[in-house]
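In what follows, subunit A forms one complex with subunit B and a second complex with subunit C.
Showing the complex of A and B:
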């Protein structure tokens, strides 16, 4: 007997893999960018199924609502996007193959070696409080380092724009 | 609901899915009706403000005009322009609709009347509207039209930039109530005006102002309706749309107005809270809530027919140079305020009552001024006086 979580799991899996193929193989760059949205959305669905509600919303807000919109925005400003010279299926060199295979092997090793919790909660528990405590107590140094990195990125972007004047 | 369906002989899974579908249909119907009625309300109010009649022929006082409009739009031919990206053109309106409809999941219609009180409800509310940006961008690009493209890009730039001050300003209510769930935020307020979130501290007022301006911009309302500025861009991203797809855009725009009013009410204006003696009257709570939403919607419509449109650079500098720093100040200030007054709740209440009194004073002064201008400038509709110039 399949429950609702299982149904949704298969739904999201098919969505992420199927639409991921469109992202990778579509000849139209902009359609790939639009399709990426569904992939990101499906990943958010996985987070919900794992009980990480806050993470799921962050995924939608930051990746689907922010990064992907900016990506499309940038694509729209590119000239001649509808007629690419080469399909994204074309062979792009030995180094790319090596990089891809290495990444895949690395991910497979990590996924197989780690002792991942497979517990699926029946009821959604609030995760925000614990996340906040962890971020601001235990992991405050990495958190601050990351925010410092972002600050540096913002300042350098402003400097680059200012130089253009 | 599940239990009722199981008792009439359905297995749990089917019962669960059926009840989900039924609730969705009810909410969708409410959503469509509200969106339709609001188009009429806006046109009537704008008619009143401009000394003209507005739609008043279909039904009593034009009350059925929105049904007639809907039928007309559905019967019209659904044109797709030559050279458009047909697939994207077809699905774009539904992104806008789903983005707005999705917020209905966490919409607190009153005390205890909520489809799903998520633990991260407020956050969900502001992130699911990302779908609207998406639909607008898609419509703008797939129309293969300069005006549409410009409208879509303006909309994306505007909504993405205003999302940041809106999100930051909502941190203040989250700080005060200590929860992200819509029901929890509503429960942390009282029914008296000085128990509302907006009067809880001076910084809450600041965050309310920033939130309100920012969400006007996110809902593409005048003075921030640059994505469909008709004097510059024909009608922006929906230029090429006709028939049912145009109706969907239209509907989601006006439903967005309701969503704006609803979020403002439930987070800042006390939601559907009732006095302790009346606790438990759910229908009364819903009515109180809807009345507050109606007031907010009236203010938004009023702003639309009063203020001129911004320029795009003014729009961007308002967001990044004024609203965003303001939201940071509100957040830090609120944190400091809570630290200073956490052991003296009496001081907090006194400040809240004082702020409410100041607000009433400002409102009365403003009302007197408005009354003078209404009395002096009112021209009877369709009277000979209106032809004198």
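Showing the complex of A and C:
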């Protein structure tokens, strides 16, 4: 008898892997960009299954809402999407797929043969309050460094795009 | 769906990202592959935080995943700005055609 979480786990697995293959092998780059949205959404579903509620919302807001929209705009601004004449895969495509499948089989064998010392996970608790406390106490230095990095990223993006004018 | 299930999904996501990163020509498609790689790493962190939490603080893995998301956002912004300015200069963003350093 499968419980509801297992059902969702297999649903998200099929969603992430299946649509991830569309991202990898679609000839239309815009289709890849839109498929990436569903992959990121599926990863947010995994975060919910793992009891990371705040992280799941951050994933949807920052990745699916921000990064993916940026990627879609970048695709539309930089390539001729209406007529994908040539395949966007390079000539090493088949070799890469073979290497990728081999890597995945190796990783899966290693993961499933290892004896991980897991605990039985406890009750799922809201994490937002504890994450906020951690970010402003133990991890305040990385937090400030990341905020400075984001500022640097904003300025560098503006400078890079304006330079060509 | 124990720890190994999540790790296997994460390995598959990592492999997909690697395949995109190596086989795609378009610079923006390569960026999508990088996003998938970062997502696979973050999923591993959260899975380990759930199933093998550290005794001192249960949420260390999730904090790391938050930082990964922020770094990925910064990286995507800068990489797209580079792609746009490259497109202005060369009128294409195909990684195998961009061979000249000085426009």
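As a working rule, the second predicted complex is superposed on the first by the 115 of 165 C-alpha atoms of A that agree within 3 Å, B and C clash if a C-alpha of one lies under 4 Å from a C-alpha of the other, contacts with A are read in each partner's own complex, and residues count from 1 in each chain.
Quick note on the criterion: contacts are C-beta pairs under 8 Å (C-beta built on N, C-alpha and C of every residue); 3 or more make two chains touch, one makes a residue touch a chain.
The structure presented is a predicted model; accordingly, all values stated were derived computationally and were not measured.
Visitor: Figure out whether A:127 sits in contact with subunit B (first) or subunit C (second), or with both, or with neither.
Guide: It touches subunit B and subunit C both.
Visitor: Which partner does A:146 reach: the first (subunit B), the second (subunit C), both, or neither?
Guide: Only subunit C is touched by A:146; subunit B is not.
Visitor: Would you check which partner chain A:70 touches, where first means subunit B only, second means subunit C only, and both and neither mean what they say?
Guide: Once the two structures are laid over each other on A, A:70 reaches both partners.
Visitor: With both complexes superposed on chain A, which partner does A:21 reach: first (subunit B), second (subunit C), both or neither?
Guide: The second partner, subunit C, only.
Visitor: Which chain, subunit B or subunit C, is in touch with more residues of subunit A?
Guide: Counting contacted residues of subunit A, the larger count belongs to C.
Visitor: Hey, what residues of subunit A end up touching subunit B and subunit C alike?
Guide: Common interface on subunit A, subunit B vs subunit C: 54, 58, 66, 70, 73, 127.
Visitor: Can you list the residues on subunit A that touch subunit B in the complex?
Guide: Touch list, subunit A to subunit B: 1-4, 28, 30-31, 34, 37, 53-54, 57-58, 60-61, 64-66, 68-70, 72-73, 76, 124-128.
Visitor: Within their complex, state which residues of subunit C touch subunit A.
Guide: Listed in rising order, the residues of subunit C that touch subunit A are 1-9, 11-16, 18-20, 22-29, 31-33, 35-36, 39, 42-43, 46-47, 49-53, 57-60, 62-63, 65-67, 69-78, 80-85, 87-89, 92-93, 96.
Visitor: Report the residues of subunit A in contact with subunit C in the complex, numbered from low to high.
Guide: 5-6, 9, 13, 16-17, 20-21, 23-24, 29, 32-33, 36, 39-40, 43, 46-47, 49-52, 54-55, 58-59, 62-63, 66-67, 70-71, 73-75, 77-79, 88-90, 92-93, 96-97, 99-101, 103-104, 107-108, 111-112, 114, 116-119, 121, 127, 130-131, 134-135, 138-139, 142, 146, 149-150, 152-154, 156-158, 160-161, 163-164
Visitor: Okay, in this complex, where on subunit B does subunit A touch?
Guide: 13, 16-17, 85, 87-88, 118-120, 123-124, 126-130, 133-134, 137-138, 141, 149, 153, 156-157, 160, 163, 180
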